[in-house]
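Take a look at the structure below.
We just call them A, B, C and D in the order they show up, numbering each chain from 1.
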Amino acid sequence: MLEMTTGVHSHENAELVEQYRQAGFGGRVGWGRKPGLLVIDMAGAWTAPDNQMGSNLAGVTDAVVRLLSIFREHDLPIYFTTMAYDESRREIGRAGLAKTPHLAQMIRGTEHVVLQPELRRRPEEILIEKPRPSAFWGTNFEAQLLSDDVDTLVVTGCSTSGCVRGTVEDAFNRNMHVIVPTEAVGDRSHTAHAASLFDIDMRYADVMPMQNVIDHLQEAK
Amino acid sequence: MLEMTTGVHSHENAELVEQYRQAGFGGRVGWGRKPGLLVIDMAGAWTAPDNQMGSNLAGVTDAVVRLLSIFREHDLPIYFTTMAYDESRREIGRAGLAKTPHLAQMIRGTEHVVLQPELRRRPEEILIEKPRPSAFWGTNFEAQLLSDDVDTLVVTGCSTSGCVRGTVEDAFNRNMHVIVPTEAVGDRSHTAHAASLFDIDMRYADVMPMQNVIDHLQEAK
Amino acid sequence: MLEMTTGVHSHENAELVEQYRQAGFGGRVGWGRKPGLLVIDMAGAWTAPDNQMGSNLAGVTDAVVRLLSIFREHDLPIYFTTMAYDESRREIGRAGLAKTPHLAQMIRGTEHVVLQPELRRRPEEILIEKPRPSAFWGTNFEAQLLSDDVDTLVVTGCSTSGCVRGTVEDAFNRNMHVIVPTEAVGDRSHTAHAASLFDIDMRYADVMPMQNVIDHLQEAK
Amino acid sequence: MLEMTTGVHSHENAELVEQYRQAGFGGRVGWGRKPGLLVIDMAGAWTAPDNQMGSNLAGVTDAVVRLLSIFREHDLPIYFTTMAYDESRREIGRAGLAKTPHLAQMIRGTEHVVLQPELRRRPEEILIEKPRPSAFWGTNFEAQLLSDDVDTLVVTGCSTSGCVRGTVEDAFNRNMHVIVPTEAVGDRSHTAHAASLFDIDMRYADVMPMQNVIDHLQEAK
């Protein structure tokens, strides 16, 4: 059983980690020149525990708010995503509607797609309406990162096993340095969260306690 | 603990499946007009149990060989992938080398990247050299599927939690019908295999016993 | 000097066409299974002759309206594009702002980005906000075409040498059948229009008189 | 008639340039942090004047050789492309074969796809086999640029109205700084060359005499 602690990997799966390391996985990609912060889908539907597709992500919100404050203080780029479609729902597409029918609720302009007010998004912090789990698919995100000269992406938000993982893999594909602070990502299923965090750390990104991220940013100041 | 049976989901996680279904996940996408078969990374390094990054995938090879025979009989398109880089290893890229240093062995023309001979690939069955987990990333695969008028992708090979999952998500993103026959995908870690198969079935593709795939193809003949 | 007639290529450049044909260009891709109609950037700023970036495209509007009517009659998919950015203009990006500063006017919600009312867009006809010339770049358009099972794209709108050409090339890249009806595309510069229409016909798409498109759709009914 | 001089735009089209500038086109994107050199399709079939699809590009070869020498001297990244397909020709795809049947000659391993020996490509200078005009389409090029931390692309090779233009537009889409040295790009048709160079300079990249590129690199040393 995969379990994560704030030290990222628990004692129980130390053996599995060692097996992967010997197979040539789990290297460190480290920090690059300039980091940006991505906050994935911290919006109405996903973060309301009483919503059909929501779950309690209060701890994740707190962590994201803290990181936002530090990125703003250092004047580093910040990006938000939500999922939103046209009223006819045709933008969701055949496969989207079939596999994940809850997307039919995510209509542009409704409360389901609005960012959490606690995030206090500023006008110059870009909001990406993404049609699919990955923030890169069907969006202008990649061009935005190049425009901002960002080579390191700190990925936060929800869900770890869905949109976070998909985005992390797509950023890895492009050779970005990707960092995932454990406290700042969440999932409705603890099991799925832990399994994806393990895969992410072994294959695509450096998973680390949020304090390490904060320390790095303060030192780099 | 996530466990899969040939019925896809075990009794133990029936409750979790029900939780996801109620949250609007786990719908069925079904079959489209015309299926193609994708065989991911059934090549030297990954399928040799004594190789650093290999594992015993004999059962997966048997399943893939059976599906190949049926797709060939029905004259339906077949695609293979492997991972291969230039000798200087520059094509692997910064993040690839850092996170998964075993890729440094995957040099074009070496035994590490050669398809398993049991697959008996034919010259008109396209071999895609992919640089990243997903068969769509940095390749011509998407244009090939359109050229062949394929709208349904049967995904097989390894590893479930890496290249299979990444490819399945990218095919879902494009609104393809994606089918994953359980016996025809494998992973070095049973835990990672089961967790990713669960996520795939809930979010991106229809996971089903191989016999269902065979039955569908025989009936459609 | 490149000149086009409704017969697509004029007498003056017959020699050049012949030179390209002998070099292995200018083949016909023909019609596929199911056509969709794309209307590019027939919106405020581009179609107002008195706007900084606009020009007189009245003839193009008439042609597009006629094609819209036929596609609607046959219940075939229709897609519109416009260009639109956030008020902070950060979405335009470094290169966009530097090369084409007029984009700073294209703010979401303003009259500059609104489709021509003559087009009478219906709610189920998808409107794509594209950040770059090609309708495929940074958008969900590709997934939409697969969702609608469209393999043939009739491309109309403006400008021939910018957004039309970029889109046509990206559709060709994906192996789509691309058709360009001459009367339904326009450009502020007649010279640039003619030169791009020549390149498009030789390399990427079948350029033909609009009547041929109408005849094909009526016969296929 | 569009004509280019080494001053990029001739006297004859000064009026047209002015018209575009007033419409908000033709800004300068300038140089970024780190340039890379891309050499497009300077390979067998395209550069042999007696080949079906070839033309006399001797002047372009000389210019490219000079730029290669300077980029090597400064230890800056260099990339080459060619077009190459499998023997079954299935990789060319439906649209590729239909519109540009000469691609059927471009078989991997044949003399038609081999780089010009004068370029003296070194093993660490990546060779991209691209299936379509743009060096970005269906390739790993974008990830390679990020891996090398390149934000400025100097684009050379052939043909100006095909692969050069397609690549330049795709690099612009990603917010890269793109520079095109006039003497280092060529086309079988002088008319098509001039028309595309005009569009490129107005919309996507800074077109400039090669000496300006050399001066910039020497000063930046």
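Rule of thumb we're sticking to: a contact is a pair of C-beta atoms (placed from the backbone, for glycine too) under 8 Å apart; a residue touches a chain by one contact, two chains touch by 3 or more.
Bear in mind the structure is a predicted one, so any value in this text is a computation, not a measurement.
Novice: Which chains does chain A share as contact partners with chain B?
Specialist: C, D
Novice: If you tally the C-beta contacts, which comes out ahead, C-D or B-C?
Specialist: The greater number of contacts lies at C-D.
Novice: Roughly how many whole angstrom separate the Cα centroids of chain B and chain C?
Specialist: Going by mean C-alpha positions, chain B sits 37 Å from chain C.
Novice: Round to the nearest whole Å and give the separation of the Cα centres of chain C and chain D.
Specialist: Chain C and chain D have C-alpha centres separated by 25 Å.
Novice: Among all residues of chain B, which ones touch two or more of the remaining chains?
Specialist: Each of 93-95, 132, 138, 142-144, 146-147, 173-176 in chain B touches at least two other chains.
Novice: Would you mind writing out the residues of chain B in touch with chain A in their complex?
Specialist: That would be residues 1-2, 16, 19-20, 22-30, 52-53, 93-103, 132-134, 137-138, 161-162, 166, 169, 172-178, 188-189, 191-192, 195-196, 198-199, 202-205 of chain B.
Novice: Hey, which residues of chain C end up touching chain A in the complex?
Specialist: The contact residues of chain C facing chain A are 86-88, 90-91, 93-95, 123-124, 126-127, 131-132, 138-140, 142-144, 146-147.
Novice: Which stretch or stretches of chain A touch chain D in the complex?
Specialist: 33, 142-144, 146-147, 149, 151, 173-176
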